[in-house]
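Letters are used for the chains, namely A, B, C and D, taken in the order the chains are written, and counting of residues starts over at 1 for each.
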Amino acid sequence: MSAARALLARSAPLWQRLTAHPFVVEAGDGTLPAGAFERWLVQDYAFVVGFRRFLAGLVGQAPDARAADVLAAGMGPLQAELELFRREAGTRRVDLDAEPLPTALGYTSYLQASLADGYQTAITVLYGAEKAYYDAWVAVRATARKSSLYWPFIDNWSSDAFAGWVAAVARLLDASAPAGPTPGMCVAFDRVVRLELRFWDAVYSGERW
Amino acid sequence: MSAARALLARSAPLWQRLTAHPFVVEAGDGTLPAGAFERWLVQDYAFVVGFRRFLAGLVGQAPDARAADVLAAGMGPLQAELELFRREAGTRRVDLDAEPLPTALGYTSYLQASLADGYQTAITVLYGAEKAYYDAWVAVRATARKSSLYWPFIDNWSSDAFAGWVAAVARLLDASAPAGPTPGMCVAFDRVVRLELRFWDAVYSGERW
Amino acid sequence: MSAARALLARSAPLWQRLTAHPFVVEAGDGTLPAGAFERWLVQDYAFVVGFRRFLAGLVGQAPDARAADVLAAGMGPLQAELELFRREAGTRRVDLDAEPLPTALGYTSYLQASLADGYQTAITVLYGAEKAYYDAWVAVRATARKSSLYWPFIDNWSSDAFAGWVAAVARLLDASAPAGPTPGMCVAFDRVVRLELRFWDAVYSGERW
Amino acid sequence: MSAARALLARSAPLWQRLTAHPFVVEAGDGTLPAGAFERWLVQDYAFVVGFRRFLAGLVGQAPDARAADVLAAGMGPLQAELELFRREAGTRRVDLDAEPLPTALGYTSYLQASLADGYQTAITVLYGAEKAYYDAWVAVRATARKSSLYWPFIDNWSSDAFAGWVAAVARLLDASAPAGPTPGMCVAFDRVVRLELRFWDAVYSGERW
């Protein structure tokens, strides 16, 4: 079993909580209140801005030029995402430069801090974060209402293009750990899923400093 | 007014909460339960391990060799702190390698992530974290019981040697911002104090993942 | 005068040596021997691979999301360049993974090491390296032979698209130094031009370890 | 055979050139002209300043707290070295802030750039640089004249304390590569020795920009 598959298998109980999270379910069926959408816009924009720093750091750590090619190819779609956030925020007069809340700040900071643990851990963190997004949004794609405020985002993160990139990241992860995931990779992978769940809790419930 | 003084003056309301926090008060007068002490040993050890990475990053960003001298001089005392944690943990059979809780992980990660904001922000973050420690523990030093489990730590962080280093860091901060703190520095400084308060909340109340 | 213009004005004597360098002149008029072209393929590929790490590092240091947008937009064209190198090398059976020579290694390493000097210096280094490329190749574009081995590269680095990106980098540089270049920026800018000239010397003359 | 021993065995021919280099031989027997000593003071000071950034980066990349302890313990002796350079330069009115020459700049930059290759490569680079210093100066220690301008430096880098630290770094290297050195480690190790030799060539012969 490849390292990516082994990590997913180990984390199955945690993983099932992603697609069952009320934030994801209600975003899909369009019942999530507009206030939550606007909270999410601000927090997730801050997340993507920090995530780009993390991804750039990984480009710099890639073990060879071909691996760097794959990682750098994630930069273009990220730009399109940021512009989608800015358009939505502009329409709704939401201030994207508001200070992120503790949970979003902690999650985003952890991505960046994981670079100090080296490429093998950091590529695991990248895969966890991207695979969680893909799996959550693909789970609601079929039944999601196109009129949902989240539709453009659901559409983006459940697209074939995104699926292809996540699969390419899984191959980099597998190549970095031919003997399977190390204990450090397992800790990092579970941590990302738990941080993702906490991020959605915070947006859903309206965390404050 | 120097940048360091201006930051402290702006943050006075937040700052007063540091010395009044029940974790600090009860650690000083010896009424904090042993369970909280043991929770704190694990979380603060993880913090110091991550803090050393942050400080090492700052040594690498120092604008000149003399500034790097000051920052690198913080490495020796940090080693002594880590050994104090290990001795206490060994005596009490506490596992220092347990996974940090979300608040400690988020705070520590933020320190490391702040390096990407550049030296001016990162030296502000360093000053905030160290000055908060110094002020909190010096506030209880005079009345602290030498038999408190925290005494060796209180003694360390309220020492003249630590005071001298914190003052040297303040001078680096002042030199980096001769026209006073920028808006980004103000955000970073307040953020550190709030993350410190949340760290003590988490240890005091027994946070879980 | 903007910081970018001031840097160029100060360095005019050095700058004039770029377009007069025999490597550039002979690459343009097609008289450079094929051996030099093949040496250059290997050394410049290694340079671009390291340059991508440097650019990724700068994306991570950008002072705000809009500046990061500009820098990250350089990643796509870089991928196209790398693929052009790989195609040419494949045709000629040149091994792009050969170890870089000392001058290329030193120049590329300096780009990466300059990140520790902070964003203001590193954006200066980026501008110097890109502007040198643009100015050198635009100088020979009009008279270059389309049959020159270098033509696809000359065409790339003298294109309007590349010109537009270099101008956007100049605006980031100007924004980082509204009062004009600091002494540290002047040192870094001249250093890049001198390292570029030495790189061409090494390729032209066939440096060895 | 441990990874460190295997690297040394593979590089034996290069390694023998270190102790036979005229810079080392003449520094030891006191026949090196004062001009070379002064050139060396400036270049090696710049090297040590950059080396400290590199070592700080490695502290940040250490795989666990015990490895970070070992690496961070190198910071104190480095401070003593920097002060020795400053005293010697002060006595001789040599300007330590003069711009480093290309070879010193390239070598120092390479150390810092190697951090992007990850801990396993970077610890190899550290070991190569420190072991080269130790072996070169210990080779001349027995016959060196105490009146040589280099004596305080020879004494420092051939001391038992330095030997102990180099041995501790070798153990970190061994632990990072239990199956022996990877091809990337071999390239990095040889590269450091060659860069060290080129550094001495440049100082000995009086390189210019």
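Rule of thumb we're sticking to: a residue touches a chain if its C-beta (ideal position, glycine included) is under 8 Å from a C-beta of that chain, and two chains touch if they have at least 3 such contacts.
Keep in mind the model is a prediction, meaning the values are calculated, not measured.
K.L.:
Keeping to the contact definition above, tell me which chains border both chain B and chain D.
P.N.:
Correct list: A, C.
K.L.:
So which has more C-beta pairs touching, B-C or C-D?
P.N.:
Here the pair linked by more C-beta pairs in contact is C-D.
K.L.:
Could you give the separation in Å between the centres of chain B and chain C, each centre being the mean of its C-alpha atoms?
P.N.:
Taking the average C-alpha coordinate of chain B and of chain C, the gap between them is 43 Å.
K.L.:
When the C-alpha atoms of chain C and chain D are each averaged to a single point, how far apart are the two points in Å?
P.N.:
30
K.L.:
Would you mind listing the residues of chain B that make contact with two or more other chains?
P.N.:
As it turns out, chain B has residues touching two or more other chains at 53, 60, 116.
K.L.:
What does chain A use to touch chain B in their complex?
P.N.:
50, 53, 99, 102-103, 105-110, 112-113, 116, 187, 191, 194-195, 198, 209
K.L.:
Residue numbers of chain A touching chain D in their complex, please.
P.N.:
Residues 60-61, 63, 116-119.
K.L.:
Please give the residue numbers of chain C that touch chain A in the complex, ascending.
P.N.:
Those in contact with chain A are residues 49, 52-53, 56-57, 59-60, 65, 68-69, 72-73, 75-76, 78-79, 82.
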